[in-house]
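Next come two complexes, and both contain subunit A; in the first it sits with subunit B, in the second with subunit C.
And now, the complex of A and B:
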């Protein structure tokens, strides 16, 4: 078990170093950083001075070591567009993205599980057909179209909900939250639905498939024979056993929720990391792009590692397959 | 019943003599065509997909103007609502946008760009993935380990993120002001690099299975070179799943292109794809000009939905377990 954890941790560090190399090469080789900082008519001597002050004339391995050393301390250089340290910009934007991603995930889990259980238990009702149609739409409609549709319905036509921004936020330390004000909560509704719809579809399909499988097993038949109530069988026994894979998938998907927030944040002008990243791509602001890549990779790799380790703790059957040489 | 299997037993020279008709006959008698005829939904999806391709191919014949040519646009004609509404004007069936561009014509041309980027992206991703998968599966060892490790790492990142990064880096290397055709090439490369993994994993898996079979050993014994064995003998046996992935990936590639264009990292306003049209139209939503965004949106959603339905059907039809 310890060996497995160690091996997975080393693998995770390897991935992070690989991503670091990519981020560094973007930072260093995709366009000359000096050109981005100085103006067009800066004399060559001054350019050299800037180059020297940034340490760009050092050997590449030295530069990489320095970039990596700084990145570990969350120093990612200065943004070309904002002339501010990238880490400040990211920290300022992170609460918005994490709050949105968390709300979307909770929404997706609650409705995904409810819809999945219902459509597994009542297979041929109209409501089940409706849920399946919703899930087909959730997979086929691009995220931004869903966002636009919601804005047209609830902002333009009905005027119920705001179409952009976070509303009023409350500052708690360095964290800003929109969960404590009415306008903040109202602003959160449509972006969360837009972002969560795809995950909800995924979870609904998974729960349905798992439930159908579990309901056929012997221990469910045995529970029926014991005369337990249908409610106890469905929710106490069947649902409980479907939840392990569901929580795993939802956990693993949290990383891609953060990545897909790029689209949702653009549609709703949500002031998060994703919007910052899109603006960076449009304006070729490499330091922000590289830093975003590193941050998101760190979140991804950490989640993967934690889920893998938790999974083996929860499900002892997996340990025998892990110890087998790959 | 017995008639259906006859083409398989025909003598080689006899089959060659009427290869034209027997090929068609075999296709019509096949299990796949049977399951196609059985599913009404699939037939509708196929018809809509074909219709979209035809609309894209004959865009210049069907449209009333060339929306990429500024000389044909007149500001006099801007913001006209669709033909069936009170303010509609002929010949603008679905209305016009801010620049006097006919929405219907813009959709046809945009559809063409979306499909070109999608199809080329899928071809690039497929070629890359199949090649790497064949090499990994056939050669094995350290090469296999390296390729599959890269694939594993890339698979943890969503394709849209990789496509955005490739796009940003390409812009930074080539300069921010790219002309429309280079942007199109960058998009194809971005999509190709984002979607190769699935092909590589599938092909590698199939190759590992096929490699141990006798026909590969026989081919090796008669001294065929490895590339020939891979391409001519192993690859055809892995084509079924690849076809399914390619269909579903076409829908994903079209979504990715539309998303990139919507985010402002794709096709420029002067040569809009469906995603660009939706981004432009989104700006006029609050002014009540819903048609500028609604019709490109419907076209995109319809295209993706019908391709997805085709992909789902193909997956089930080619899966022998479900027959």
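And now, the complex of A and C:
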């Protein structure tokens, strides 16, 4: 088990090095960074001085080693547009994105699983048909459209919820949270629904399909022949077996929720990393783009690792195949 | 006469399809006494398993029990509401399925599955149920049960898993065990162990056993009586020795002729020509008539009812001593 975790961790480091190479190469292919920093009429000698001070005249491998060494310590250089260390900018924006992503994922998991289980067990009810209609909408409407529709309905027409921003935030150490104020919570509702709707429908469809599959298996039939209560069969035996694939998808989706919060953050002007990234792209702020790329891949790699470990906790069969590899 | 543990009267099971209604079981009647093992044989699709599922109330839509009665120790159980038949399942009727590899939930320890079943049916504490589970595992021949109780299903061999399944089936000391092909998925050497285990349990607890299989060897070794089924009906039923050695129904004769013997001389095994009719195309009269070498005119018109003939009951016009008594069966 420990060997398995270690092996996976080493693979994860390999992936991160590969991503590091890609992130670094952005600096070299997206034009001369010196031009981004200095103004147009800066004399050549001064340009050289800037180049030297940034270490841009060193050989490429040396630059890469330096970049990667710094990245490991979460130093991603200085943003061209803000003239601030990128890591500070990211740290400042990260709580907003993580809160939004966590909220959206919890929403998606809770409602997705409930709706999925319900629609698998009560196949022909009106509520099931309604859920399936909702899931069709969630899976086919683009995120920005849902966001705009929500804003139109609840902010413009009804005026119940704020249309942009995070509301009032409370600072706890370096973390800023919107979960403790009323305006913060109100501001969180629409972005989380917008961000979580697609995941929710995905999870609902997955749970429904898996549940229907599991209910047909022999061990469920045998559980019924043993006279167990319907409740125990559905929620003890069937649901646990359903959750194995759901964990994978939900885990990977959490990664994409963070990575692709960009659209939702743009629609709601949510002050998170996604919005920072969009601004960076508009201003060719490469240090931020490279750091964002590294961050997102780190999140994905970590989630993958966690999902692999979670698997073995849920499914005892994997535990034993891992402890004695073929 | 004592009341039989299981009494099935004119059972009919139908499956509704989009085009028509298929009758999988058509007027099956039999009894099983306390401590008796009834073997049920027949080809695939003869209705053996469906009969077993009907008794335990696990016929799922689109299937349904269309007629007849099922009595468990004198109480009618076929029309009970779902919650009441659930209480009977596992407590008064235990069931063993064909494939032990897939009968157990792979994510739960076997001990948890046994304890869960015990506590569903008997009013026992967690510790008492666990102790009982260990005793049960010992009873069905699992070595070191106090250790193995915490193992997962995949950590057992096929034969051992079937023992666990049997322990689950008997954990509330049922009056009746329905074993649906309990040995088909197992090695021959393991088969013998499982058969003797089922036989011993039946003897020790006085449990009635309905043993569904297509393996005549298993029936001959285990059963007291045997019912030969053909396309949803019982063709012949009687004490196992009589039916095996002196089958009357042409189909039963064909079945017995198809058993290879070790002692017998080198001769070709008899094969019954053709195959069983599909449920949507059961011929009028005796459903075996297109394959029967002895069929005559009446067989193509009249459906034979099982009639007593010595120790057997046989549904064949060849043995109908009172001709002219036309079958009066109509759909109930």
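In this section, the second predicted complex is superposed on the first by the 303 of 326 C-alpha atoms of A that agree within 3 Å, B and C clash if a C-alpha of one lies under 4 Å from a C-alpha of the other, contacts with A are read in each partner's own complex, and residues count from 1 in each chain.
Heads up, the rule we're going with is that a contact is a pair of C-beta atoms (placed from the backbone, for glycine too) under 8 Å apart; a residue touches a chain by one contact, two chains touch by 3 or more.
Since we're looking at a predicted model, the values are computed, not measured.
Asker: Do subunit B and subunit C fit side by side on subunit A after the overlay, or clash?
Answerer: In the arrangement built by aligning on subunit A, the partners subunit C and subunit B fit side by side.
Asker: Once the structures are superposed on A, label A:118 by its partner contacts, choosing first (subunit B), second (subunit C), both or neither.
Answerer: neither
Asker: In the overlay, answer first, second, both or neither for which of subunit B and subunit C A:225 touches.
Answerer: second
Asker: Output check: A:259 vs subunit B and subunit C. Expected answer is one of first, second, both, neither. What do you get?
Answerer: The answer is first: A:259 touches subunit B but not subunit C.
Asker: Comparing subunit C with subunit B, which touches more residues belonging to subunit A?
Answerer: Of subunit B and subunit C, B contacts more residues of subunit A.
Asker: In the overlaid three-chain picture, which partner chain does A:237 touch, first (subunit B) or second (subunit C), both, or neither?
Answerer: A:237 contacts subunit C only, not subunit B.
Asker: Quick check: superposed on A, how many Å separate the nearest Cα atoms of subunit B and subunit C?
Answerer: Least C-alpha distance: 17 Å.
Asker: Once the two structures are superposed, pull the subunit A residues common to the subunit B and subunit C interfaces.
Answerer: In the superposed arrangement, which is not itself an observed complex, subunit A uses no residue for both subunit B and subunit C.
Asker: Note which residues of subunit A are touching subunit C in the complex, please.
Answerer: 217-219, 221-230, 232, 236-237, 240-241, 314-317, 320
Asker: Considering only the defined contacts, which subunit C positions touch subunit A in the complex?
Answerer: Subunit C reaches subunit A through residues 56, 58, 86-91, 94-95, 97, 99, 102-109, 116-117, 120-121, 152, 154-155, 165, 168-169.
Asker: Can you tell me which positions in subunit B touch subunit A when the two form their complex?
Answerer: 153, 156-158, 160-161, 164-165, 167-169, 171-173, 176, 251, 255, 258-259, 262-265, 278, 282, 285-286, 288, 290, 293, 297, 300-301, 304-305, 308
Asker: Subunit B touches which residues of subunit A in the complex?
Answerer: 15, 18-19, 26, 30-31, 136, 139-145, 148-149, 151-152, 156, 163, 255-256, 259-260, 262-263, 266-267, 277-278, 280-284, 286, 289, 293, 296-297, 300-301, 304
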